[in-house]
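My structure is below; once you've seen it, I'll send some questions.
In order of appearance the chains are A, B, C, D and E, and numbering begins at 1 in each one.
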Amino acid sequence: QGLEKPSITLGGGEKPLLYYLPLTLAERLGHFKEQGLTVEVQDFGGGAKSLQALVGGSVDAVTGAYEHTIRMQAKGQDVRAVIDLGRYPGVVLAVRKDKADAIKSVADLKGAKIGVTAPGSSTFILAQYLMTKAGLDPKSASFIGVGGGASAVAAMQKGEIDAISHLEPVITKLESLDAIKVLVDTRTTKGTMDTFGASNPAAVLYLKKEFIDANPKTVQALVNAFAKTLKWLQSATPEQVADAVPEPYWLGDKALYLKALAASRDTYSPDGTIDPASMKSMLDLLTATDPQLDAGSIDLAKTFDGSFLKNASVK
Amino acid sequence: MAARREPSRPSAEPESAATAVRLDGVKVSFVIRGAAVFDAVAPTSFEVREGEFVSIVGPTGCGKSTLLNVTAGLLKPSAGHVEIFGERLAGLNRKSGYLFQQDALMPWKTALDNVAIALEVHGTPRKEALEAARGWMGRVGLARFCERYAHELSGGQRKRVGLAQVLIRRPRILLMDEPFGPLDAQTRQIMGNLLLGLWAEDRKAVMFVTHDLEEAIALSDRVVIMSAGPDARVIGDHPIDLARPRDAAEIRLDPKFHALHKRIWDQLREEVAKTYEEGAR
Amino acid sequence: MRAASLKLLALQVLVAVVAIGIWHVGSSVPIAGKYFLPEFFFSTPLDVFQRVVKLFVSGEIWRHLWITLTETLLAFVIGSAGGVAIGFWFARQPLIAAVFDPYVKMVNALPRVVLAPIFMLWLGLGIWSKVALGVTLVFFVVFFNVYQGVKEVSPVVLSNARMMGMTERQLFRHVYWPSALSWMFSSLHTSVGFALVGAVVGEYLGSAAGLGYLIHEAEGVFDVTGVFAGMFILSAFVLVIDWLVTLVERRLLVWRPQAAVGQT
Amino acid sequence: MRAASLKLLALQVLVAVVAIGIWHVGSSVPIAGKYFLPEFFFSTPLDVFQRVVKLFVSGEIWRHLWITLTETLLAFVIGSAGGVAIGFWFARQPLIAAVFDPYVKMVNALPRVVLAPIFMLWLGLGIWSKVALGVTLVFFVVFFNVYQGVKEVSPVVLSNARMMGMTERQLFRHVYWPSALSWMFSSLHTSVGFALVGAVVGEYLGSAAGLGYLIHEAEGVFDVTGVFAGMFILSAFVLVIDWLVTLVERRLLVWRPQAAVGQT
Amino acid sequence: MAARREPSRPSAEPESAATAVRLDGVKVSFVIRGAAVFDAVAPTSFEVREGEFVSIVGPTGCGKSTLLNVTAGLLKPSAGHVEIFGERLAGLNRKSGYLFQQDALMPWKTALDNVAIALEVHGTPRKEALEAARGWMGRVGLARFCERYAHELSGGQRKRVGLAQVLIRRPRILLMDEPFGPLDAQTRQIMGNLLLGLWAEDRKAVMFVTHDLEEAIALSDRVVIMSAGPDARVIGDHPIDLARPRDAAEIRLDPKFHALHKRIWDQLREEVAKTYEEGAR
């Protein structure tokens, strides 16, 4: 029905990660095609790189962290989320099994070596936030970038780090190896509420304001597709999900994958909206960990554009 | 090679021909790795007229190659200057061909290509250049060695390829540094006659360095003797008034030849003895 | 000749067999209760082999291979052409070389991973940003060698050529170029590998296809077998390019004395 | 001499000024409505300069610099020592060289980014995994050059030395080594940069400190100024190492004829 | 240098001395880039006895250097074999010193170090070796050039450093390829006498390649003439029965010297003419 730009390029981090599951599903279930969209997904080394690609103009839309929209506002870039995909960060803070006795809560992390995916990333920020909340100076622990995938597992197995702040599937893998004890789990509603007192949007679909203004129909089609995916996800069983994604995503072990799916089930947003409380909780998180960010200058209303979601064909 | 016009100096000198090469107070000092200075050649002046064949002899290490390098424009003198056909030399001396004392063939070209390139450089089409080069390879006795690379030739063969490479261009000034060194006596004479024949055709100016005094006398119009270095000077300048055309072998039987030889040799011997003593000190 | 090259092949196969043997034992037989090469990190030779076969049989690999090949070749050709050109230019213009020397070295020290976003900004997501990454690796290896190679030209041969009346262009063609060739080829052997590394890293950091993409995708889901299969294909593939370089090298360097080393 | 080097310095400064000028204009003056070097990707020279000053003034940088320096130097020394040793060994043992040739080239083609997890597994998160990454870059550059350098030894000089009765060790010390030196130094100039790249990429992929860590952290929060400040410090710093290499080179190669090129 | 024991061959030959070098049917063919074969030297046999000074003369490119290379063990003959003091040569001939036709100094060592290293290699302490090397630099007339690198020396000076480098080791067999080529006549004689003096002391076996027939006669016990290549052979073997000790300069005045010279020269001339014709064909 006359899309301005029927074929678009969409950036993502590492697609096989559960964080990006809605994207994979939307693609695999044909929801984009239904909307008359041809979507080419570009895989970048990390969320930051996809954002850079968006700003640079090489991709049209990104599935990435909601916090990016806030940071970009501070940098004078108008980037807006149009639909929420993951309402909880999905980050887990855990300690090594043999340290579990010494480190019982976040407050004991003083002097610990904490593995994060990368310095500056969401896992890094969350760990710092938790420490600040517990009354610790984040500088009192050392943060080590351990990367994603196998190197993170290796770092924990080799005892190079005492604690880890990481995402799926590393956490499930480590749990299945019985290597860690979870302290804070933001994959679940309870964990997130305990931590932030509200939900804390993670993965969203965001685009440049100019693009939204110039291509409203295209954006609407995108939102429609994702909204349908979210709805499907609410009712699908883990088996159905597993069958819908490409086999290589199964971590070489379907049981492990199902376990990880089940654990992250709650993180996927049921409706795609972001309420002001969640926005605030994200801003708090950022200002708590990045003193350079000036909370006063941020207009949270400009980070999320819910109008497309309201018009979405699927509710 | 345009005709030179320079008002201040008449193009025909009293002695019938123009000066092809003039060294004017040329002094060469080498700085040894930024420290000591070695005065190889003391201020030296001499001339080679157009069409003149001058040999330079002198004890080993006296500065013969150095003087040729200066004349070729490859080495800047520490003092004095060089004039080529009356023009002050700055940069390379493009009017001369230089046969180096060391091997200087391009190892990545065959012998034939090494000779042909000397023409190609000046615009001769490749086919023609190869044709001419083949002729020259024959003249220096190497027709069968055209396709060899330098490392597949004997020392004497390499030298002869070098000779062909220089002669094929027919430069107006020829600088030759021991061109016949690694050749046997007979080949030397054949090559000497080749050179003389060529020279007779268009009367180049030749500066010819050799250790073989007989050869020097047999070929030249003048033999210049240099003293032992350091601070080498020209200490003798002997005109050779033997009749032309000459045959490099037969001329040695001439009694005049012997007289000349004896006279020059006596002077030379003294010089060499001096070098040796200096060096051993 | 025949027998010698058969023996060589046999020895090469032997090395491969030993290496794979160690890998197999390390990944499947525990030594003192620990695996020397845990399967989780190293997969097993058999699995990798099966995966490689599967990739080829399913035909899935061809598209990726083709893209990576294109990127590698472009990076190699552009990088070495640039290295040769600038190397020669600098060697012949000592002042320019001296002025730019520190900057060239500074640029060479920039981590390519950090440059990737900038290349994407300028060159987009297509193959060109990957090519650019490869070029930045290849260029410097070739550049430094050509620069040095030109300076190593035999002074006598050079003087002789200049006395012959060669122009700067002719000197380049007949003296500097052939003389620097062995330096250049030495650097080309290194840079074939680097061109590929550049292309793959580029894909790894952002792309939708190519071997680097495959490897990256496999890495995120702990599919070491996939990673190793990708790396294996990658390196098999560089051998082919290197072999082509060697053919050209042999052709261009016929004039060298054979067996200068170890001749008895 | 004095005047010449002053002029050189002036020209070098001029180049820097021009480059910074372009950067400044590109990032702050829109051309046809678009910034040629958008601030989001390139920051501005002034900001970067201020950040560098701040890093040094606050003293925060020293610890990172020290770690990266250690890694770089270790990678450089180990990689080049290995490259020299294996290069010589292969050059002197043609059979071994022929057998291992394809494997060396295969390994050279492995993307270092992919190897990082394996190095971390073996060597931990400390400096050694970064050193290993640097070594894999440095080694190959030096190796290929030394290998070729040994083969380029003048056959006559070699024969003469052998006739003198030199043992293999003595040949190495008095003939191969000095003859391959200029090849080696050429590769060292490239590999100084690569050692640093290896260290930084290693830090980038997993570490607790170092310049790579700083850059990565800055990148994570879109702090381009921080990224550029890091890169600037990095490359300033490689100049210092390279300068040391050049000093050694000058010392060891006194015997070379000066100004073989461009002498008139 | 241990005394050789080989029962099948008595260590003292009828002609008073043992054989130092024996070439037995040595043939050398070069394969030119995997294609054509060039038969440089036809099967050749000859001997040099201990203490014998043999000169080899022949037209340029006939295979003199090639024969020395074979004797040194640097080149494997295509057929035949070499015996050194009765032992079949496999690999390098470690009993001989070889002065190459080309420059072979290590460019990264000073002249003095180049000479000293020849002793150091065999275990002489560095200080002692330098001392001895200094002496030898004096003997070849280069005492003042000890600290020079090869490219800072003249052609003749480099050759003399090479000479000192070979002689300082006092090898039992001396292979010399045009050692006095780039030297002036007088220096040649001085060097010739140096060599003769040394040779008289411990009677090495010498194989001496030269293009100067007078020099060959003046120095040698035997002059071997080679034919023009390809397929070069030994075509003349002239014993020189001039009295010893000799002075390289004075001996040339001996009437016997002239007779020998004429005889050998006539044979040689014919050969050279042949090469030249062959080559030009």
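Methods note: a residue touches a chain if its C-beta (ideal position, glycine included) is under 8 Å from a C-beta of that chain, and two chains touch if they have at least 3 such contacts.
Here's who's who by UniProt: B, E = ABC transporter ATP-binding protein; C, D = ABC transporter permease.
This one's a predicted model, so the numbers in the text were calculated from it and none came from an experiment.
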Tell me, please, which two chains come out on top when C-beta pairs in contact are counted per chain pair. C-D
If I average the CA coordinates per chain, which chain comes out farthest from subunit E? A
Whole-Å separation of chain centres (CA-atom averages), subunit C (ABC transporter permease) against subunit D (ABC transporter permease): 17
Centroid distance [mean C-alpha coordinates] between subunit C (ABC transporter permease) and subunit A, Å: 37
So how far apart, in whole Å, are subunit A and subunit B when each is placed at the average of its C-alpha atoms? 83
Counting only residues that touch at least two other chains, what does the list for subunit A look like? 52, 56, 149-150, 154
Give me the residue numbers in subunit C (ABC transporter permease) that touch at least two other chains, ranges are fine. 41, 117, 121, 155, 204, 219, 257
If I count partner chains per residue in subunit E, which residues reach a count of at least 2? 74, 92, 102-103, 151
Listed in rising order, subunit B residues that touch subunit E in their complex are 30, 32, 57-61, 65, 101-103, 138-139, 141-145, 147-148, 152-157, 160, 178, 181-188, 190, 211-213, 268-269, 272-273, 275-276, 278-281
Applying the document's contact rule, which stretches of subunit D (ABC transporter permease) touch subunit C (ABC transporter permease) when the two form their complex? 8, 11-12, 15-16, 19, 38, 41-42, 91-92, 94-95, 98-100, 102-103, 105-114, 117-118, 121, 140-141, 144-145, 147-153, 155, 158, 182-183, 185-187, 189-190, 192-194, 196-197, 200-201, 204, 212, 215, 219, 227, 231, 234-239, 242, 257, 260-262
Interface residues, subunit D (ABC transporter permease) side, partner subunit A - complex: 38, 40-41, 116-117, 120-121, 124-125, 203-208, 213, 216-222
Which residues of subunit D (ABC transporter permease) touch subunit E once you look at their complex with the stated criterion? 156-157, 159-167, 170, 174-175, 178-179, 181, 253, 255-257
What residues on subunit B touch subunit C (ABC transporter permease), complex-wise? 72, 74, 92-94, 96-98, 100, 102-110, 117-118, 121-122, 149, 151, 165, 169
